[in-house]
Amino acid sequence: MTDSRPSGRQADQLREVRIERAFTRHAEGSVLVSFGETRVLCTASVENRVPGFLRGKGEGWVTAEYGMLPRSTHTRNDREAARGKQGGRTLEIQRLIGRTLRACIDRGALGERTITLDCDVLQADGGTRTAAITGAYVALVDAVNFLIKRGDIKRNPIFGAVAAVSVGVYRGTPVLDLDYAEDSDCDTDMNVVMNDGGGFIELQGTAEGHAFRRDELDALLVLAEKGIKDLFAAQQAALAKA
Amino acid sequence: MTDSRPSGRQADQLREVRIERAFTRHAEGSVLVSFGETRVLCTASVENRVPGFLRGKGEGWVTAEYGMLPRSTHTRNDREAARGKQGGRTLEIQRLIGRTLRACIDRGALGERTITLDCDVLQADGGTRTAAITGAYVALVDAVNFLIKRGDIKRNPIFGAVAAVSVGVYRGTPVLDLDYAEDSDCDTDMNVVMNDGGGFIELQGTAEGHAFRRDELDALLVLAEKGIKDLFAAQQAALAKA
Amino acid sequence: MTDSRPSGRQADQLREVRIERAFTRHAEGSVLVSFGETRVLCTASVENRVPGFLRGKGEGWVTAEYGMLPRSTHTRNDREAARGKQGGRTLEIQRLIGRTLRACIDRGALGERTITLDCDVLQADGGTRTAAITGAYVALVDAVNFLIKRGDIKRNPIFGAVAAVSVGVYRGTPVLDLDYAEDSDCDTDMNVVMNDGGGFIELQGTAEGHAFRRDELDALLVLAEKGIKDLFAAQQAALAKA
Amino acid sequence: MTDSRPSGRQADQLREVRIERAFTRHAEGSVLVSFGETRVLCTASVENRVPGFLRGKGEGWVTAEYGMLPRSTHTRNDREAARGKQGGRTLEIQRLIGRTLRACIDRGALGERTITLDCDVLQADGGTRTAAITGAYVALVDAVNFLIKRGDIKRNPIFGAVAAVSVGVYRGTPVLDLDYAEDSDCDTDMNVVMNDGGGFIELQGTAEGHAFRRDELDALLVLAEKGIKDLFAAQQAALAKA
Amino acid sequence: MTDSRPSGRQADQLREVRIERAFTRHAEGSVLVSFGETRVLCTASVENRVPGFLRGKGEGWVTAEYGMLPRSTHTRNDREAARGKQGGRTLEIQRLIGRTLRACIDRGALGERTITLDCDVLQADGGTRTAAITGAYVALVDAVNFLIKRGDIKRNPIFGAVAAVSVGVYRGTPVLDLDYAEDSDCDTDMNVVMNDGGGFIELQGTAEGHAFRRDELDALLVLAEKGIKDLFAAQQAALAKA
Amino acid sequence: MTDSRPSGRQADQLREVRIERAFTRHAEGSVLVSFGETRVLCTASVENRVPGFLRGKGEGWVTAEYGMLPRSTHTRNDREAARGKQGGRTLEIQRLIGRTLRACIDRGALGERTITLDCDVLQADGGTRTAAITGAYVALVDAVNFLIKRGDIKRNPIFGAVAAVSVGVYRGTPVLDLDYAEDSDCDTDMNVVMNDGGGFIELQGTAEGHAFRRDELDALLVLAEKGIKDLFAAQQAALAKA
């Protein structure tokens, strides 16, 4: 019964997705992405240097950092800068974002420069990491286009598109794009990152309550493929604007 | 010659000030304040506990934390959470915000609860700390009204209003509300925090180039008083909306 | 062609698995687990206290910490204690170990005590996290049996078994239980954690080179199910000894 | 009524000021400055290198660090080295000291070297930062004279003198050079840093209790100018000794 | 040939020892101890609480912290508070000071309070740790007498005296109380802590160049005993003053 | 009465000493050393770089790091990597290990490379630092032989052997090689490091209960010399194996 979703959405229905480019003005790419009430500011910053392990190799690097504003959440969380370190969840998410977006970059074509994707959650309502990946891709494209326009790089280093969505088993039903109400009360939670060739880039499924069966996994993957297709359309629509 | 300002503003002219309440939904008060291109998200979070030194005294606390998103600035700055500590400038600013907003709070009337003002700079163009104080005041009022409405506190603990503005001597001329272009090229920079009774709460003036004379100081204070009066009007207008 | 594996193993063949109990004498459970040349010391330590968020709820907690000795690897890695923080990979792995082993524990039956699973890699040759989960399960059982024997808990809080294995696409062929030579040169790497009821507890797949297709995923899951069945047998054989 | 000061001083009277040069022997400049019972050891250390942002520019740098010995205060404070970080107050003060003393240095004439001013409070009784600035100036002069004498620099990079004093409204009366008894019980507290040309280098006024009015500010500035004149005399007297 | 000592001292001659009590005014004990040009400020601070492991046991605690002012040394050392941690040498020395002074305290007689001995080196010329122990003992006595005088404790918890000196083999000759010139160029360096009953509390000998023989060790111990006897006399003389 | 030792050992009897070489496979030297139930894994890692202060001087470096696995001890200790810093005891021990093993190395003959000795305690039962030194020596020899065999160095940089043992006064009797039961209940505890020429490299004696007399010290040194002679034999026997 899909009408049991707290939001009234269909089981295979995304929340309203909004992708606003040029949300701030200094970054080479700046995107405010919204998956319903989840809002993440994704900026792409270009710097003409690479990490030590790449120096002199003629290759570029794409990396990501993630943070939540202290009151992006229902109750206030400590500011990581004040606590003096990033938590395990933060590190895990920013490693995921960086890794999955490097999957669509030809680092040789990028040349010896680094693009840093800062994904800062202004408001959280579930799915911040999937929104971040989906939005950061658009910011990355904008930053690369900036470099191409300025003549810094010749060949577009981006191949294909990358987007991500969560799926889960909520009260027995596989559903797409969990919001906070669902996420905090579901049995299985899976984040799926795909490219627009239909390939999987990353798959992370966790049984929160009971272990999930193979048939549940299959159903979740079908939902994810459907949702990500919609996200690719939203990315392209956003990028089509001037 | 005031037409020498990079923005074309008059010497005693603020940038366009915008105060959007309820910018995010979880915080008891949430304000996006803009001083021109400087945009700071100020949230006020209520928690039913106080720091150790106040426990059991029947008094509340107001404190602030400040941060800049890594790419709120012209070039990317390291994320303080990743560096593992807040810098001296950050600590200085958040101490200033907390101290000046405590100046309009009757902590006994607030009761044993803490209101934390998180001021996060989404986009920086000079004057982030003065925008933060001005916006955080509005977020604080909203949080207090939330508590009053819910019946948690009887008597309004806020007395008067607090706002802040920068003034400086730019190429020989005292001007109001420095933007980044002016701030990075001025001789004297002063941040002024006042209450709506015309009293000074904080005054911080720094000679960047040459030391400033008493008559320059006097001229700057006149500008600041004028500008802050306009800011009080902007705060009241914002608070007058439903 | 499975004979293309550097080790000469069949595609669906685990490395030699050894599980030595009581490897050290102070811990309530102490297991040296070997997946071929990968050797991880897993200790289970019982303490009569729980983290703050569980205090007074009558429930217990199972958590894990992970570390690599500096020269467990081909070249020496910095000691995390000397660097002053645990890296993102470490935090990610220890969160995974704790989360997946909590999936076989009835925390009410455990009572207000914490079992900490320390997984320290003495020698690394790929698959340290899956070896750690598989070995830590045995250490956990030993620690729980210690508590039962001493009369501290009445009802066995462990239900079912948990084990983990990696699978991946190495030079085009899906293979089971990657060693370092394969891991550092494979296209897709997936860690699978299951219980002995055939359910998935965690699934983490990453495309290292090209994105993986749905049929590759299916083949990998079949291999993983086969391998984990063998690991359950190895766990039971080890636990059957006096 | 000036006789209401706890110390019995006149409203415009400094505490006894003592400036002992060569207090320790290794530093190029070493001054023990006393403002009454406040005693700060200020050393100036010369090093032949500059921070990264100045490398190769032919300019020098002056910076400061500040610390309080744990039992310089009425009750013991944690040692910052043991706590693992410098607090916000410490960072604020050392930034102030460095900034204000750079205001009397021609960094080109100093050449590519750094002078670090370490200001360590041996005993605190209010006004440690103003004593530190006043004493550090003398240590800086000694260090520069050392460089000139040794032939390392040709042209004296110091222009003018810098000194600092606090002023405040204590029980309704503007007074000069607050001691601890006054500082912990005053309405307004202002630190003023000036040069010997009568210009202001820094002005930091804080309303502790009620906001201060413009006429109070004016009275405080008059007191400060008077006190700083006396401090310049004390600095010159100290420097006149062999 | 003892006249080969850089200072011209006899082989068994201490540097001039000075012990000034009440050097600062807030601490319950405050001693500036000088071993020649080595000057260490030792304060003893009383607090009415004990570390967690002693709570409720009716026993007190004596602990120590050690630090060097950045320019107490020939060339400037980084400030440990700024570096964000205490170095290994610092921790080693402060552990030594605390451990050896606990050797003369009856912790039951002290009652549930902590005395913290802060030993801060104002000027270093070798032997800072032995000077610190010797001076801290006097500060400890003063703090205990303060408690007795105030009626807080009945029975004197201090039994005997504790002092320390360094000895070493300098250019083939065993010598007493190494200064920096000797310390940085000696073959063997030994710190000896004794009580006034002639017992050893701590012995730390290190071969810097070649290993030392048993007869050298014996000669060093004779020197140390002699020197420490002189230090006990200096402590008593200082304590005999009003 | 030596039969009073908890283990039943004679006063001058070592625990069973075992030295297993090639315990792990990646390190150039890898030794599991056991002093009875104390087991320490000592690896020697060669790197072709030296610390900054030695760069370009043609000399090598030997350094050590020490750690205890969290449950190597009777009750679990916090993981230092998780706590974010190494404790004072750890730093003290690893400084000792590095310092004493540098005493048998000709750093010029080693050339510009660093050998890091990682000593990780798998199981603790007293004497971990002396076991670590004794085992690390063997790992160091293996690493140096590896370099010689590979032709990287011509002349053997190791001269002599280094070993260490603890001695102490247990219930009035001087005994050799304290185990945990003795260590936690003894009056005096001394760690002695010697070379095979009969010279002392390091001597660290601490009075835990009452101060120790000169005759006790003499008795302890005799025991230590005897025990270390046995340890040299064990080292040589281990190194004699293929």
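Order of writing sets the labels: A, B, C, D, E and F. Residues in every chain begin at 1.
The definition used in the following text is that a residue touches a chain if its C-beta (ideal position, glycine included) is under 8 Å from a C-beta of that chain, and two chains touch if they have at least 3 such contacts.
All values derive from a computational prediction rather than experimental measurement.
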Between subunit A and subunit E, how many steps is the shortest route if every step has to go to a touching chain?
3
Min route length, chain touch network, subunit C to subunit F, equals 1
Between subunit A and subunit D, how many degrees of rotation does a Cα superposition need? Round to steps of 5.
120
Between subunit E and subunit D, distance of the C-alpha-averaged centres to the nearest whole Å
33
What whole-number Å value describes the gap between the mean CA coordinates of subunit C and subunit D?
59
Approximately how many whole Å separate the CA-defined centres of subunit A and subunit F?
51
Shared-contact residues (touching 2 or more other chains) in subunit E
84-85
Ring, read from subunit A with subunit B next in line, is A, B, D, E, F, C
Note: in the complex, subunit C contacts subunit F through residues 24-27, 30, 37, 39, 41, 43, 45, 47, 65, 67, 69-76, 79-82, 84-86, 90, 116, 118, 120, 122-124
Complex contact set, residues of subunit C against subunit A
85, 87-89, 91-92, 94-95, 99, 103, 190, 194-195, 197-207, 210-214, 217, 221
